[in-house]
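Structures incoming, each one as structure tokens.
In the two assemblies presented below, chain A is common to both, partnered first by chain B and then by chain C.
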Partner chain A sequence: MVTTVKDVKTGAEALTTDKELTAPAVKPVTLPSENPVVYPLTLPEPAARTQTPAVGQRASRPDGRLHGLGQTKYIDDLTFPHMIHAKILRSAHPHARIISVDTSEAEAMPGVFATLTGKEIPVNSFGPTLQDQPVLAGDIVRHRGDGVAAVAAVTEQIAADALEKIKVEYEPLPAVFDPVEALKDEIKVHAPNSNIYASKVIRKGDVDKALAESDHVFHREFRTQFVEHVPLEPHSSVAMWDGNGRVTIYSSLGRITLGREDLSRTLRIPQNRVRLIGTIVGGNFGGKNEITNEPILALLSKKTGRPVKCTYTRGDEFVSSTIRHPFIMDYTTGVNNEGKILARKIRLVLDGGAYCSWTGTTIGKGSILAPGPYNIDNLLVEAYAVYTNKTTTGAMRGFGAPQVCFAYESQMDDIAVALGIDPLEIRLRNAFSENSFSPTSQVLQSVAIKESLLQASDRFGWKE
Partner chain B sequence: MLVKLKVNGELRQADVPPETTLLKMLREDLGLTGAKLGCDVGDCGTCTVIVDGDSLNSCLMLAAKANGREITTIEGLATSADLHPLQKSFEELGALQCGFCGPGMLMSAKNLLDKNPEPSVHEIKDALSGNLCRCTGYTKIIEAIQDAGRELSGAAAGN
Partner chain C sequence: MKRRGKGIGCMWYPIGFTVMANPSAATVKVNTDGTATLLTGTVETGQGALTVLGQIAAEALGISTDDVHVVSGDTDTTPMDTGAIASRTTYVTGNAIVRAAEAARELLFEAAAPLLGVKADQLEARDKRIQVLGFPSKSLPISEVALHAETNVGRPAIGSASYNPPTVPMDPETGQGKPFNTYVYATQIAEVEVDDETGEVEILRIVAVHDCGTPINPMLVEGQIQGGISMGVGFALQEEILFKDGVQVNPNLTNYIMPTSLDMPELEVELVDNYDPTGPFGAKGAGEPTAVPTAAAIMNAIYDAVGVRITSLPATAEKVMMAILEKREQEAKSA
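Now for the complex of A and B:
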């Protein structure tokens, strides 16, 4: 049916006529000054736990039923017609120059469809803060987890066998593993650039003067270790490059918008040609926040015209996916005889591994939280992130917060023991209260640390 | 090589290369993707299935070795009419978070309750010693198994 002007008019007329039946014929027009609107300014204070009917109620996961039935489809559970499998060859050295990569023997194997090297990646760099990480190593490998070449074959087993036929000639370079050594810049991971690739300084008051005036000064170095996320579901993706030059990727990635940007960059195609589908993730914990093998699979799919899947082995997970930053934390704290903190001087060295990844976020959060939830008038925090020839460190639950918490709370205990003050009491004497200033002078509200400490210690019977 | 087995009460067969594990055969040849591949070395337990009344890591068993045996996977736990009590209590008590360990946990739990419907916390921990949950939701998993055990033994007593 064709809508004519007449039809529209009739419709509009009908609407206005109907409306007039219920609405007042003439809307009273008044100026604001003549008729001030009175809002109910004394709103009822919502009692805690009654703000929404959801608070305090038991909730069940909407996907719990399928999880329990084993019907949830994670990436590795997906299969597509004519799908082939990819494997990635990892570096044989922590730091080396790649002289040559010969994939001809692997390509000649029956069942092998295609191989890929770093030179074939259109833009071979990505990263959420600095774009310093190659998809597959170009001229230099910077840690043992760097991919050097990839193979797509009819089965995973053939792809794994083909990796052994790839000949890579390396010229080993001296490597640096200790972040304190790396600070000296004698061996550069990203030559000619310095190993220090991120830093942060927070200053408040006069820390040296306050330390000199303190009754007691405590000093100690704390260290934490690498931690791998170990999601039970390994990283997994499937890429399909279609005839129209569009690529569809199913991935275990947690941040698909960021991933799409990185894919668009590395594949040098506009974002509207990248369709990235994230499904249910079998554990992320920060380790699935950036792309890993997706561009490799996309290019292998482009070469072969088939869907290409790659699921990391547990070994790939440990060597090539990101892990938690180890911190070296040097704490000097001045207190008076009552245990009140007068000054705190902190130096953090973050072991960044071979590439930046989420170090920007980690160093920021780690530095701001490093003094702890305590009122300290004189403060100096210096933090440096350095490259080493080790597994890349990135996002993991807390972005640096758990590392510094270990250090400042350990030192609070040291001070409490030395001064003979109850460990709970020394925290209460120093802790933030309402409208306290954070180390970066943010005014803090809804501060319940003292109440929480008292309630918790009461419940587990600290006094006894 | 031709492998014939009974999966969830049904006779199934597939022609697989000799190095194929039972897990791979279930997932890729029989389309049963409930059992997961987590570590492929028998550490994490996401691939747990029940073979002739014993829960085991299907990533460590060659498909050929399962020839002629009876396998129960997560897909065989519910009937078309109802969920297994374990599935109900896991869902209701929030014992499944990312869900990846779930199928393996449930199969280990089923194997335990089949043999011991009222296990102690210690016995549950022992039965789950081969299953990891990286979301660390163990407390709720243990509660859910106890809950299902009570329902199962209650139903048995009622009969």
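Now for the complex of A and C:
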């Protein structure tokens, strides 16, 4: 282990040198309950948590102990008096006009307290950059994960059964699934707007001239797939609307400040009447960065006067929460005989799915990072995000970086192989140094790309 | 026959995000027994952020991690935060916490200065004491100073601050600008074994060397890297949501295949010795970048093993096998 901080105890040392840790002094306590569980309620603190200076210590997590003891309360562990359960009906079509939604039969079922449709949402749109996504679909459904109506019932099972009694009449519309087809704008997902809803250009030097002057030019197209975050804890919330018109929401959301703004806006109530509590999140990876069912539960709670909970099934999680953007990446790179990159031209097409979500940041980061951590004087990056009638793509660990890294690093090895240069060597010849200019001409500081290449190759035994 | 190969993937990654401002605010309260409470609007998402943020507050106050209790994730009680996103928490929220803790510490210095017979700017907070710079034998416990500040001076040691990374907007025509305040760097090297009769890829070993500036908590950074690599392995070889006519055909964990512990290779994780003067105590971030170069390294290792370039992810056994067969066909033609 190499770290910047000296005198750091390793975890193994802490375990072997801290005698208290290996021999708890206190006898475990048995808590009275139906199924007695033995909790070692008093454990000594590991030394790393009690030493100064604090920075650099391998301090254990206080929440880790609670996880280990089963004391962490995730949303689905929370229960409140008179709490009821909500389920959301998803669209039957990838693209359709909603003619009518009839919830009367569902509402008449014993155990059902209330239903909700898009028309009842005070401001039925949200999104971090473009507010193009409805809380529940209004007139149009744009992918199969769009919510069409919701039910609150005394049990999850009754709510699920009630969804089957909701009658939705659709007029199917032509749909577009292939992002390259969608670029043509022949079928529009958000008519009359173009399918191309975000774009980015990064231009530096004269890329065509430099490509013409290069000793070798390499070209290849790379593609990546849709990926789900698969958090262990699915999206989950509980909403309680009180008699003063104030709503308290427990949510698995990772950004509560912006979540409260979205709730205030969609519910059309002041921000100080919304209390959003983010509990320990059981995995996020970017998928819990915006509201999903929270306004629906708030309004169902307002209608029924009861706390309303909704925990997504794994199926809900796949089809209705956001997923990773697939990229189509066209890379053309000119190099000299020594393997120095002279020019790089990149075209990115992002499958944006049905709504914008976090595409703005994904296309931004994807474009800026696309040339790789290399000094390149002549650059052109053009990126487009297009709507398709598929699951919404949004934030996911890396915001486009894993996609473009796959492309720029694969092409780096293509070049190395063709020129007979070692893959480590060609990277060292091109990599940023301290004060290098980024693709957007920013002066880079605390640069450690060559250090990481050398340290990793040493550890791996690359030259052996 | 099983063939071995090795491949490099390196990357750079920004801390924070484009499109909009990216601020965090924090409040630090020093209690009269020398412990402290930190209020932050971020949310623990399993990465250990609250532990790291507590360590940052503790460092600025000269107390231990265990002395700081962190209150988070409640819009009624905690200050605004842009949230647990974009690998920004350690850097942006951490910088806000340093500033808030320094404001609280300044009140401690002002209360302690007359007691120690020096000026406030001659003091430092270290090892749970307020002490004179360069003359540590003259000092008072933080608990005593905090009690004095609150009960005698009447100015409790509470500090609030915010931080937003300075950026320059990107020119819409050329994209030129300063969209982020800093970046991190990393290299992962994979060793794989490819069965050239089935196309199956087994990852034997991944060496990961990451830069995150100062690791506030090296153990948690290592954990992030290990977890990130498992996501990278899924992205490289297994995970894919398949659609037919706009309908997901595998929206379940029976047919959407993810790596389990049995799919994970030996991981060797190291950190680069680095320090970023703009970060809290030199720290940058670690969350997302850990998942970035894994697939690239694995694809390059596959090429090294069997000579086929996989151009679309994931590199399933079928895809690798088809590429091997295609290569053999081409070689047979040209022979």
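Keep in mind that, in the parts below, the second predicted complex is superposed on the first by the 409 of 464 C-alpha atoms of A that agree within 3 Å, B and C clash if a C-alpha of one lies under 4 Å from a C-alpha of the other, contacts with A are read in each partner's own complex, and residues count from 1 in each chain.
Everything that follows uses one rule, which is that a contact is a pair of C-beta atoms (placed from the backbone, for glycine too) under 8 Å apart; a residue touches a chain by one contact, two chains touch by 3 or more.
Nothing here was measured: the structure is a model prediction, and the numbers come from that model.
S.K.: Tell me the contact category for A:Q455 with respect to chain B and chain C: first, second, both or neither.
M.R.: Once the two structures are laid over each other on A, A:Q455 reaches chain C alone.
S.K.: Please indicate which partner A:V230 is in contact with in the superposed arrangement: first for chain B, second for chain C, both, or neither.
M.R.: A:V230: touches chain B and chain C.
S.K.: Looking at A:V281, would you say it contacts chain B, chain C, both, or neither? Reply first, second, both or neither.
M.R.: Touch partners of A:V281: chain B and chain C.
S.K.: According to the stated criteria, A:T311 is in contact with first (chain B), second (chain C), both, or neither; which is it?
M.R.: First partner only, chain B.
S.K.: Taking the superposition as given, does A:Q71 touch the first partner, chain B, the second, chain C, both, or neither?
M.R.: Touch partner of A:Q71: chain B, not chain C.
S.K.: Just checking: does A:F80 make contact with chain B only, chain C only, both, or neither of them? Give me first, second, both or neither.
M.R.: neither
S.K.: Tell me which of chain B and chain C touches more residues of chain A.
M.R.: Comparing touch counts on chain A for chain B and chain C gives C.
S.K.: Share the list of chain A residues that count as touching for chain B in one structure and for chain C in the other.
M.R.: In chain A, residues 60-61, 63-64, 230, 280-285, 314 are touched by chain B and also by chain C.
S.K.: Any idea which chain B residues touch chain A in the complex?
M.R.: It comes out as residues 17, 19, 27-28, 33-41, 43-44, 46, 73-75, 77-78, 83, 86-87, 90-92, 94, 96-103, 106, 132-135.
S.K.: Please output the residues of chain A touching chain B within their complex, sorted ascending.
M.R.: Residue list for chain A touching chain B: 60-61, 63-74, 76-77, 79, 157, 229-234, 280-285, 311, 313-314.
S.K.: Under the touch definition given earlier, write down the residues of chain A that touch chain C in their complex.
M.R.: It is residues 1-5, 8, 11, 45, 48-64, 94-95, 128-129, 143-144, 175, 177, 200-204, 220-228, 230, 253-258, 260, 274-286, 288-289, 314-315, 318-319, 323, 360-361, 364-365, 367-369, 372-373, 381, 389-391, 395, 397-399, 401-402, 405-406, 408-410, 413-414, 417, 423-424, 427, 431-432, 438-442, 444-449, 451-453, 455-457, 459-460, 462 of chain A that touch chain C.
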